[in-house]
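Two complexes come next, and they have one chain in common, chain A, joined by chain B in the first and chain C in the second.
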Partner chain A sequence: MNLLKIKKSFLIILCLSLFLPTVLCACGKTETGNGTINVGIAQDLEDSLDPHKAVAAGSREVLFNIFEGLLKPDPKGDLIPAVAESYQVSEDGLTYTFKLRKNVRFHNGRIVTAEDVKFSLDKISGKLGDEPMLPVYALMQDVSIADEETVVVTLSEKDVDFPAYLAMVNAAIVPNDNPNMDSDPIGTGPFRFESRSIQDQIVMSRFDEYWGTKAYLSKVVFKIVPEMDTAVMNLRGGSLDMYAHMTTDQISQLSGDFQVLEGTMNLVQALYLNNARKPFDDERVRQALCYAVDRKAVLDLTSEGKGTIIGSSMFPAFSKYYMPELSKYYTQDIEKAKDLLQEAGYPNGFSMSITVPSNYQPHINAAQVLVEQLKDIGVTAKIELVEWNTWLSETYAGRNFESTVIGVDASYLTARALLERFYSKADNNFTNFSDPEYDALYEKVITLTDDEEKTACYKEMETILTEKAANVYIQDMAEFVALRNTFEGYQFYPLYVMDMSKVKPKN
Partner chain B sequence: MRYAIRKLVTMILTILMVSLLVFLAFSIIPGDPATQMLGTNATAQKLEALRAQMGLDRPLLIRYLEWVKNFISGDMGISYSYHVPVRQMLYDKLGIMLTLTGLSFLLIVLLSIPLGILTAKYYDRYFAKAFDVLNQLFMAIPPFFIGILITYLFGLLMHLFTPGGFVSYKSDPWGYFLYMLTASFSIALPKAAMSMRLLKNSVLSEAKLDYVRTAYSRGNRTNQVLYRHVLRNALIPVVTFLGMTLADIVAGSIVIEQVFSIPGFGRLLITSISNRDYPVAQAIIVIIAFLVVVINFIVDSLYPLIDPRVKKDEQ
Partner chain C sequence: MNNNRKNHKLYIGLILAGLIVLLILAGLIRSPYPPQKMEASLKLAGISAAHPMGCDQFGRDILSRVMIGARTTFLIAFVTNAIGLFFGILIGALTGYFGGFFDEILMRFNDVMLSFPSILLALVLIALMGPGTYQVMIAMGIVFIPSYARIVRSEFIRFRNMDYVLAIRLMGGSHLRIMFLHILPNVKGTILTSLIIGFNNAVLCEAAMSFLGIGVQPPDASLGLMLSEAQGFLFRAPSYALLVGFVMICMILSFSLLSDSLKEVQG
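Right after this comes the complex of A and B.
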């Protein structure tokens, strides 16, 4: 456990208990938002303000307010038309015809034209010289303008999940005549970019010519507060009105000035195992680890029992694909785990390392509980904390690790976002999972058009991940959003976005 | 003159060494701007393409020399994270750091010197003894905790300022000054306590020396002896200490910036290191190194003013 962290929170508790009586008296004195909200975010948009370059989840969730694609997700997780009014798919599933919405305006006042749409799609698919933004966008073989209000996209191969990719912030429609996307992002979303001060704040204001339901707040200030304890202090002090992705610890320090909304992180938190490394190349060893772990205890010890236990690479928000029964597939059974290890040739257990990025406290906490639980079957695990960039380059891209605790998110709205990475040939298969049956299912599912068939196929894939114990799946973590009582209307999405357009001041 | 040239050469060498070390450090730690920019979208091909595009595939020494060349001509490069010239980015932040450092230093001097003299002069009075206890206390508490205390006391309880309510000097100069002053206090208090104690002890030990008796015997009054003779000698160790403190404040401000959510050099430095935003991190470290070297230079040249004997030894 991070010593400094303990010390600090201890001191804060000390201060709190010293000053509690006076704090209580000081309650109730809050400034009204006056249509402006100050939202704390943990990191600046360090990759880019350009939606076609932003890769961090933290950046995309902010840019979601400025940009829209042809389609966009709604809070239920369905796709709704945005810049496009409607679309049609040809029978072979290769041609998508988008009818553009009339009079959608960019933040600079210009009306969106078919040329802008073509430019944006060409850019993300790598036709303008760059690498494709995401491999899936390279599917777009041709984008052509049929008339002023119609754009036709031809795919090189069939992919029914294509509309879901277009709903991502990364597929935003941007003007074809803005050379300064990095510093002056112009989109079609409910908020327009106002200004930024590096490592300080990003200011957005309501876009009054927005085509859809206009935002309620006139101004949103995203303030960068990387330190969680500082964020709690700033919420209490009044300089912040909202903070998302909080944990139970931090929530408990807030006063009655705040409403606490509970949602889920929509992440698959797991002890990811490098399936190519000994001893994890043996299915029995992986299963033994699954039997050794008491997921309920992990939740109890790290988040007061909040969170949803999962058993495969899928979280409950994807209700269509989620299989609750898989979360009960492995229940803690030390004897069975020991037998499996014996069978696999490790009667005395083994030692392993768990790599955890040091900036994600929830994952560190979970890893600490796992270390204790694995001791019971004779497995000595050691936590290795690494810096985030080291994790990205060594563990994720380099696949040079034994095991790691991390949360994997879905960047678009289909099961594929979470299941694709276990296809043995996938670029992002960092756990090196390899199973011929799984591969065959994956190759099949991407060509299916019937939704029911597809869902069934995805469910089969999830089941394989559980049965073959690809990884030790733990939970979809609970997350809390603190919102000052003078505001209301915040809505969670099954994706990692922070939609400020639905928040309104309370009268 | 020769002294000045020698100092200047040492300064340049120090800064070159620091920048080279930073370059080397970045080549040793894993990860680079390309892995950061691509995040979990990274593939081997994409990484290679991006590295080539950013010129990261060239040898270290060539990149270093090119950086030095550009830096000398005033071009600090373009941030990998923010895609704006580093110079422009650091312009605002430098102001914040200088304000924080300057205010803290001013507070240390304003608090410690009068109080040091006062407690030395009346060392056997009760209030001086009370100050001794307070001194011990403030020396023992680290600045970040004083920061937290100040935030709770003055921010959350007395509502004298809004925690996290940093405003830019462009939009509200007075609010900016007040906010920075609060933060400066938490940096200044422990240092002021140390410097006050140092001055007091220094005055007291000087007061025992022979020249003080001589001065009294020539008919000087206490104040004359104290301010004209004792203080001049007693200040020498304090000035040395303050010089070192100034360099310390620069480092300390990085922590305090976090506690008070001040978007200054510190936060930018930390994030630019973890993002492998080389141009930004390098520029910040070199600027800090430069400031420290310059401060030392100034302190060195202050000695002759206080104590003419130093000058004689030098020549």
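Right after this comes the complex of A and C.
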């Protein structure tokens, strides 16, 4: 027994002395074959390779390379035609007529027909027996084939944002005769699926008969590296050429072999407050928290100052809706925060818990800084780390929390994706925010057709969220893509996608 | 010669333990900086006169955090063993002294507990109670009961039929008196050495649990948690992980050496 003890302490010394050499020899470099890139991703596509079943953002960003809808987003966030060449909307906004592009081929060589389009749209709208992929797809009341190159979609009610939904990977056009979508996905995108070994890697190769600009790389290997520190090792060691969604801390450990591209994560990181719980049901308490926080310091401490400070549920990539002035609405003012707490009946502050999913280090870091800052107004915050699944079921779905630090993203390209969740009757209103004025605006905005009116309305909603201090908004986090110097051309999108077709080997 | 070597072990152990205790006591009185104080300009700052161990990823002074971290780790190890020892002695003494059906049942249950890796059992308990410093103490305390119970039981079985015990029984001494006033003092040497081993086990167990993120919660500090945080900065600030690791090694080594020399003294 005693021997065992000694052995254990020696084991620790041994481990420590073992990783020293690892640190020293991890600087070796390997040449990558021309035209092949090894991309690290954090998780396997566990939900499905079928775009009509993929729900995780991490799955959709990979499938984006294999699949296309009738429309697709471009790096600026505009919608460009893909499988459809053009489309027209009727006066009443209910009928969409899509003219299909000629000679678009599936990866198996077959030309895309109007039947395939009808099949795909019927499938996601739930007409083939499944649940609708997303509730918005159920809006498609009827999909009919006018002629070989024309498909007409009729909506049950008007929704100006409908084209944006069709540009999601989830609305991909797939062949109507492929029974193995889960294991052998066939689409029309710039890359074709080659192989997958579970929890290891996914291989794609260039599709040479692609209708648009063909990809530059002949092969893309997505390697699953769930652990960030391992990913850094692999990048340094040469087995990975690219890794997205990295933080400043990880980037700072890379060598000069990499170019670091800075983008934004396109999510709203905030201290989300359960508006239904005491004391957060009091607007003044929420405002006090907003005044107590120094967002600039959060950025300085957690990400070397990188990131964009925001003031409402909208990030800068949605330039049409984003209101930069809201980020200056609350600036740190301890006295004012204390006064507000006094008014609300908490002159000595209070205690609160901050629930944070344990797998998101950036959120944990932000929470640690917040705890420190809230001390200044007498609020004692305690961090509770929970597992991601627990967070999803208890905090998000169960709404059983006091406050939580998390990033909320937009799954499609309209402001509604972010603002819908603060409508008091929305299923995903996990913060229990409830404001009659906001509800009225929301009910109004979904019926509007004029884009300018709509935008103005969305902006009013954003302002309400800021004024009522629905949550303590912090930032749209900076994210970094590390790309080996032998490659170039990576482009960011305002959506969570990783477009490999634009990456090319550098000469 | 033999005596000399024994002394070396004892002295090194005492010196290391003394250093650790000094560190903890100094932290109790006053740490060089407030351990939670963040300073953006000092992020991962290296070793300097103002910060002898450098600063962590939030610019917090690592020495100050090691002081309270070592204290937390020490406290967890102490409480864990107190719980384990108290119930271990109780169960071990009763089952060892009386034997019989009751003994059979409790010891088979004990076997079941011991057949799990202790960290797994602690994980299950944490999953039930939620993470946190106190929960870790309770979970680990429960995990530590069986091994103490087993050691105490075997000693009690050895002593229960000895002549002096029989003599006291004939004199009319009660069972409780015999167990705790006459047998227990004879067992204390064995308990002491296993206590020190248990202490080391608890330090390692706390480190493992905090490393996995289910132990002490940030922004509090413990050695395991700090080591886990330092892991992300191995390339940028290797001294962070190495120094925290070194303190942990000192803590474990000191108690190992002490237990060793104690055992030899008992011979």
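The criterion applied here is as follows: the second predicted complex is superposed on the first by the 475 of 507 C-alpha atoms of A that agree within 3 Å, B and C clash if a C-alpha of one lies under 4 Å from a C-alpha of the other, contacts with A are read in each partner's own complex, and residues count from 1 in each chain.
The criterion applied here is as follows: contacts are C-beta pairs under 8 Å (C-beta built on N, C-alpha and C of every residue); 3 or more make two chains touch, one makes a residue touch a chain.
Just so it is clear, the structure is predicted and the values come from calculations on it, not from any experiment.
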{"item": "Touched partner set for A:Ala397, first chain B, second chain C, both or neither", "value": "first"}
{"item": "First (chain B), second (chain C), both or neither touched by A:Ala456", "value": "neither"}
{"item": "First (chain B), second (chain C), both or neither touched by A:Leu94", "value": "neither"}
{"item": "Which superposed partner A:Met323 touches (first chain B, second chain C, both, neither)", "value": "neither"}
{"item": "Dominant toucher of chain A (residue count), chain B or chain C", "value": "B"}
{"item": "Partner chain(s) touched by A:Ile334 [first = chain B, second = chain C, both, neither]", "value": "neither"}
{"item": "Touched partner set for A:Glu131, first chain B, second chain C, both or neither", "value": "first"}
{"item": "First, second, both or neither for A:Ile224, with chain B first and chain C second", "value": "first"}
{"item": "Partner chain in contact with A:Ala42 - chain B first, chain C second, else both or neither", "value": "neither"}
{"item": "Contact residues of chain A, present in both the chain B and the chain C interface", "value": "12, 19, 23, 236"}
{"item": "Partner chain A, residues of chain B touching it in the complex", "value": "29-32, 35-47, 49-50, 81-84, 89, 92-93, 145, 148-149, 151-153, 155-157, 159, 162-166, 168, 258-261, 263, 267-268, 271, 274-277"}
{"item": "Of chain C, residues touching chain A in the complex", "value": "36-38, 40, 43, 57-59, 130-131, 193-194, 197, 200-201, 204, 213-214, 217-219, 231-236, 238, 242, 245, 248-249, 252-253, 256, 259-260, 263"}
{"item": "Residues of chain A defined as touching chain B within the complex", "value": "11-12, 15, 19, 22-23, 26, 29, 43-44, 46-48, 53, 55-56, 131, 134-135, 182-183, 197-201, 223-227, 230-231, 233-234, 236-240, 359, 387-390, 392-394, 396-397, 427-428"}
{"item": "Touching residues (chain side chain A, partner chain C) in the complex", "value": "1-2, 5-6, 8-9, 12-13, 16, 19, 23, 228-229, 232, 236, 249-250, 252-253, 297, 300-302, 304, 358, 361, 364-365, 367-369, 371-372, 382-385"}
